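Every chain is named by a letter (A, B, C, D and E) in the order it is written, and numbering of its residues begins at 1.
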Amino acid sequence: MVTDWLIHAGLVALYLFLAMVIGLLFMGIARKITARIQNRVGPPIYQNFLDLGKLLAKKTNIKHNWIFDFAPLFGLGGVLLILAYLPMGGYIMLSGQGDLILLLYILAIPALGFALGSGASGNPNAGVGVMRALTLMLSYEMPFLIVILSLMIFYNTASLSVLLQKQMNYLWGIAALPISALAADIALQGMMAEKPFDIPIAPHEIASGPLVEFGGKYLGLLMLYSAGSIVVETSLFVDLFLGGGIVLNPTVYGTLAYFVNYLVWLALIFVVWMIAIFVNAVFPRFRIEQAFKFYWKWPTVIAIAGLVQAYVMSVFLGVVP
Amino acid sequence: MDALTLFGIFVLLPLVGALVSYFGKKYAPIIAVIFTGISGIFLYLWYGNFGSYTIDIGVKLNLTFDITTWFFMLMMNTVIFSSLLFSVSSKLKRAGGFATLMLLGFAGANGVLLARDFLSLYLFWELMSWSIYLLVLRTSGEYARRYLLFGVLSAYLLIMGIGIIYYYTGSFLYADALSGAIPHAIWPWILTFLILGFGIKMAIVPFHVWAPYAYSSEQPFVAFLSGGLSKLGAFGIFMSMYSIAGISLLQSFGTFRGVSLMGYPFALLGAATAFIGTILAIFQDDIRKLLAYSSIGQLGYVMIGLGLGTPLAIGGAMFHAFNHAFFKSLLFLGAGAVIYRTGKYKISEMGGLGYRMPFTFMFVLFAIFALAGIPLTSGFISKWMLYEAAISRKFVIVAPLMLIASVGAYLYSYRILYGVFLGQLKDEDKNVKEAPGPMLAAMFILMVPLVIFSIVPGWILGWINKILVENGIGKLNYTTFSYSSAIGGANMAVFWIAFILLLIFAMLMFMAKKARVVDQYDNYLAGEAPPSVALHAAHNYYKPLRDTWAPLLKHSIDRAYEKFSKFFAGGFYEIKRIYTGNPQDYAAYLGIAFLAFLLVGWWLLW
Amino acid sequence: MKAEQIFKELGLEFEKLKVKGNTLPRYKAEVKPEKLEEAIIKFKSNGFNHFVALSCIDWIKDEKFELVYHLFSYKEKEDVFLSIFLPRKEPKYKTLRHLFPQIETYEREIHEMFGVEFEGNDRLGEFILEDWDDMPPMRKDFDTVAYAKKKYESVPLIDEGGEKE
Amino acid sequence: MNENPLPSIIPDKEWKKIQRMLSKRSLWMIHFCTGCGAMEMPPVMTSRYDMERFGIIPMATPRQADLLLVTGYVATKTLKRIVRVYEQMQDPKYVIAFGSCPINGGIYWDSYNIIKRLDKYIPVDMYIAGCMPRPEAIMDAFLKLMKDIDEGKANGWMRYRKYYDQYRRNQMRIFKRWDE
Amino acid sequence: MKEFELFIGPQHPGITGNFMYHLWVDGDTIVKAEAHPGYLHRGFEKLMERRTWQMNVALIPRICVPEPDVNEAVYAMAVESLMDWDIPERAKYIRTMVLEMARISSHLLTMGGYAGSIGLYTVGQWAVGDRDYLLDLFEQLTGARVYHIFIFPGGVRWDLPDGFLRKLEKVLNYLESRLEFYDKLLFANEVFFRRAPDVGVIPEDKAIEWGVTGPNLRACGYNYDIRKLDPYAAYPDLDFEIPHYPKFGDFEVLGHGCDCYSRMLVRRLEIEQSIKILRQVIKKMPEGPHTLKLPNPLAWKVPAGYAYARVESSKGEYGYFVISDGGKMPYRVHVRGPSYTHGINVTETIAKGLNIADFSQTIFSLDVCAPDIER
């Protein structure tokens, strides 16, 4: 029993570590690809590891007060917590112990910590940046929550692990609810704060917004946070709509299945990330109220269409996955 | 224990306390704290010592001390205890009167909770209502009038409901209502009157207009009003729907996916309240008004749970009412502490106080965690229960509104945090001190349960489960650390262990090196450093959002009422001339409302 | 209305400047300081509504400052330079920023660079320079080499021992 | 983590090497166009020269940056901002001065508003001569700075700490007031 | 105090050059803006009084960094006016060519900067990368990438190198093919359509009075261009159009003019026109000397008098008011830069009521060039 727990904990730690590495690597790949789109060579893909190392090895660090420390602490701790609750490559981690709604609310922990820290810097740019980030959150959550609702209604579960199970046995979410998947992907762009929705950190207006006063190890840990967030957000989409990348049933194939599923999952989150990056490279940014209007208009309509589909299928047609 | 002891401890004792503390002068709050403490001790001792006592004094009256009463009394007692403790050091004017009125309200509230017959219910309800009125009156006559308008409306509605029941049954006892004397077709009217009557106390849309004004009075009182007394509305609705009418009667009006058609409209009303309250709260700059609208929104959640009526939903509503009692009074007390130290009400005029008042900040932060539903506090679990209740029954209107309203809660919570506690510390606030000890103690008392019940939700879910079982509603699925519904569940022990381990890990990464603390003006100003600079971006904080909502916000219900009353004030100009008195515009409105309700009642009964 | 005609109406003598490269005619006229506002209003109402620039010239030998108000008409395609002379000691003139808003900026600059006072312009003061401690720098008697030597060359180098990490 | 995190495993010398290697490979420069040399920065950032190959990217605020480029002449008004920005940057930090003007005033040797030698006021790690320096020269300076960092020669930030009094004295000869 | 203060510049990504706007912001709307120049003040006008007529040629390109050639051209024209010189035809054509190349390069930079200010960094990268080809041409022609010191009183410094025009033709073809990409990415972008129209509006009836010139004035609907109004160099012989609101050809006309959208479109269309002009220059380039026979450069005696010369720069009217007292050095030179009005008065006025998200794109679209404000 205790050994089981220890093995489980060790595996979770391994997965979390890998997730961080993947996040940093993805950031590097994104930089490289953006550079290629811009006719440049771009940095090596391991550049972000160097950046992170440099930031952590800075000789001096400043803070404004003790609340400032909330940002790196909650940012990193929170993002790891979210990752622990997200199934990665079919390995359900802790997600058997907490469902999607818990996950939705844990998502707020690192963001809130970050917002507290940047608010404590006393810089107006940070205040405006957080205001924009929160408004953006209100914007994209509208379609995203409706999408999650349609999934939960259709699959009749709020638990991610059960959702994966049902997707494996029945159909991937993207096949069953393609309209919702579309809305979710649009919402994902806002969730990742990539263009056209990167107004919270717009450097030309508010000098990188909430990040304005962070430097050294603070910035380093926040970089880890954003690396983790990339995995969280892409993986969330993959878990919700692409079956978490499960192609082999673990109960049948055992360890091999975990290995293969992990690779498939990795490929899928890479694809999701790439879509975001390509869109990011060729769009200017919306103003915040335009982003708000945009999200509460078309993606919401699409999401509601998806909800109607899920509702009709599950209530009137009696489809039970 | 008999009826008299029960009545004595929970109603007479506060009344005596009210009398004593009136002469206590500046020690009045301390005396009041002692009296509430005594009844609190009895409350603690008498857990499990439940009983129901019917007294016949010409009419049959009933006092019952059961788990439902106990549960609500627990909130009421803790909240008033800490509110009064807070007021010990807040140097109120005419503290004697304040303590007296608070205790009167407390006695009334306890009476309402104990009463199981309509006559005493109504008497205690009025006692409570009028002490609120007088307490609001301490701050502003205008606010009090607005409260009175709705307080009286609420009383009318209750009278209507009670009157109809009494007309048919001839008894005031709750238990007699279901005897079959009342025709089936009349029940919806009774329930509507009672629910709306109680709902006004909960500030349900569209009857929320009084709340932002009444909640702008003295903070210790508002903490009790919002945290404690507004729960009487929830209690009343719970009693009328699930105790007086009962679940089988509700179900007999037809069901919509297992939810009574009698309850579902109220759930929708609750969802609308949650949404509207949240959206309005986002745009407030006055911290009291912001908390008031937030209160409206949060009580909308309770209404949703009560309307849906599944065990999970009602459990969620009870739990949320409990959480709301604690975090909202904590927020009002935190705001009170800040206002006490700075004398400012506007969020945009404060700023940076978290650096000067770290404990207040920490307490408020926990309250905000609970408000926003962050799983670090029990605020999450109640929201979780409500969501799962709605989603598992596939309610596609209620659920999204609830979910998006809770995202909106992040927005206004951050407005409080940033505007008051973070950002630039103003020069005039440089010397602000931490709040005095009693205030901190009061806030601490309120914070503890929020954290405890997040780690061990089983304890409180046990009480709630008992309430549900006792009223024949159903039961909850829970263990000491975890809880589950038909579609999901969560284990808080796992969550807390994971959270603490990962936080320690982050701390290890973080603590490797010390950071230098710099002045707040050593800041990124694009290379500039003017002698004085305003850095606090809190005024009009959500302006882009406000601009997008502007066309809708124009049609505020508040203004609709005002127009309505102005219209009548104009119409009744003649009366003004005839009578020597000076009837206010609200009076005209009251008269019309009374007439209307009389007519409706008359039409119903005959 | 053509510029020549306006000059005639105002009773001003004017000269034509030499133009090579560009093609449009440029007229320059000297105006009495108290007549200037009236003249500019007259020109402005007759199509000369583009205020090009306000220049200041320090005629140190004549002990005078010349202010040149330069107007252009897109309609008539003519340039007009109206100049006034102010005494070099305590130069003072009234602001004309109500006629063209950009005159305000020019006045601020001329105030800083030449020390000409413009009454009625409340934004005079530190504009381009900061921490300035000498006479207005664009005056002819200001010696920039001497100033630069005095202020910048005299700053000592940092005395260090060539320390290594 | 300037102290060695694992002194038992990594010798102090090695740790310093690692630290230098890291800071040389990820120089984040601050976005500050102090003078006309900034004109050649866009070409350096874009397709033909692309300094992101070496991990050099522009950052918005001084807290995040390691590298201050003083691009060209420094007016006295700008010097105050440069000093402020430099002091807000976090150690280790490096300064590259562009063009002839920060070396001796260049073409503005007789101007009343241009300081003549930048290293009297803040420590400079690398000068690039020329008016204006070509992108190749700028890239070369970056590479040389990296080499210097690797060899521990680029220690202007240490000098600034050590001789802070002298630097501040010189700065205050230019400024009338220092608001902070 | 309701408002908070924001400093856009001097150290800020949202500013062109070293310049500062001090903003008072309520929520996210600008209530008041103040421009603070002076970070780049070098005292050019003073320094020019201390240098001979010919030495100044080396000094003046530094006044406007993104487009230095106009300074040389306009100074040369002013001195020629005083000296009463008529320059040879070939010199005129070469000047036209240099000025138009400079215009394209400046417009590309502005376009890139503007795209960056609304977040589309890709266009910025492409535009600046493509501009390098023009700088290569400049390098071949003049020996320098940025400060060319090529045009001077009496003509240009030397004749065209061999095969220069063919190379120019190639670069023009390349640029024309690249314009399509910019159109697709920026000028046909839905987000650009939402963000740019009716933002940063200069009132149409005030535009001339406020001293707005160049593309910014044409965006307000006036087809005033100094190349047509007050022609200089070889422009009278060349055939080209003046793009102005609402004459946008194939592009959609959104908004009501005078806004960021029109300003950027005018610039975009001017690149096309410049390419057209350059093609004609290549075709019509006359033979002959490239400069006058000049007197001993150390002892130029410029007759006393006033002269004003103006050219159309990529930013607006660029003028030099040159006064000579007959000596070896100019008595006084006053530089009238287009950004002087755009950057200070116009921006201070139109910034009121602007969203802070739009402030940066407004100043980028006005193409404010800090160094020519404070000189």
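Quick note on the criterion: a residue touches a chain if its C-beta (ideal position, glycine included) is under 8 Å from a C-beta of that chain, and two chains touch if they have at least 3 such contacts.
Since we're looking at a predicted model, the values are computed, not measured.
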{"item": "Graph separation of subunit A and subunit C (steps between touching chains)", "value": "2"}
{"item": "Maximum inter-chain contact count - chain pair", "value": "A-B"}
{"item": "Chain occupying the most central position, where position means C-alpha average", "value": "A"}
{"item": "Chain whose Cα centroid lies at the greatest distance from that of subunit C", "value": "B"}
{"item": "Most widely separated chain from subunit D, with each centre as the mean of CA atoms", "value": "B"}
{"item": "Chain centre separation (subunit B, subunit D; CA means) in Å", "value": "58"}
{"item": "Inter-centroid spacing, subunit C versus subunit B (mean Cα positions, whole Å)", "value": "69"}
{"item": "Chain centre separation (subunit D, subunit E; CA means) in Å", "value": "30"}
{"item": "Whole-Å gap between the CA centroids of subunit A and subunit E", "value": "45"}
{"item": "Numbers and ranges of subunit A residues touching at least 2 other chains", "value": "38-40, 56, 60-62, 124-125, 127-128, 131, 203, 207, 212-213, 216-217, 287-288"}
{"item": "Multi-partner residues of subunit E (at least 2 other chains)", "value": "4-5, 10-13, 25, 28, 38, 41, 43, 46-47, 50, 125-126, 129, 355"}
{"item": "Residue numbers of subunit D (touch at least two other chains)", "value": "1-2, 31-32, 46-47, 60-63, 77, 81, 85, 110-114"}
{"item": "Chain pairs in mutual contact under the definition given at the outset", "value": "A-B, A-D, A-E, B-D, B-E, C-D, C-E, D-E"}
{"item": "Residues on subunit D engaged by subunit E in the complex (per definition of touch)", "value": "30-36, 38-40, 42-43, 45-48, 58, 60, 62, 73, 75, 77-78, 81, 85, 107-108, 110-114, 131-132, 134"}
{"item": "Subunit C residues within the subunit E interface of the complex", "value": "17-24, 26, 28, 49-53, 55-58, 68, 70, 74, 77, 79, 81, 100-102, 104-105, 127-130, 137-138, 140, 142, 144-145"}
{"item": "Subunit B contact footprint on subunit D (complex, rising order)", "value": "1-3, 5, 32, 61-63, 81-82, 84-85, 88, 179-180"}
{"item": "Subunit A to subunit D touching residues, read off their complex", "value": "31, 35, 38-43, 47, 50-51, 53-54, 56-62, 203, 207-208, 211-217, 219"}
{"item": "Touching residues on subunit D, where the partner in the complex is subunit A", "value": "1-2, 18-19, 22-23, 25-26, 28, 31, 46-47, 50, 52-55, 59-64, 66, 89-92"}
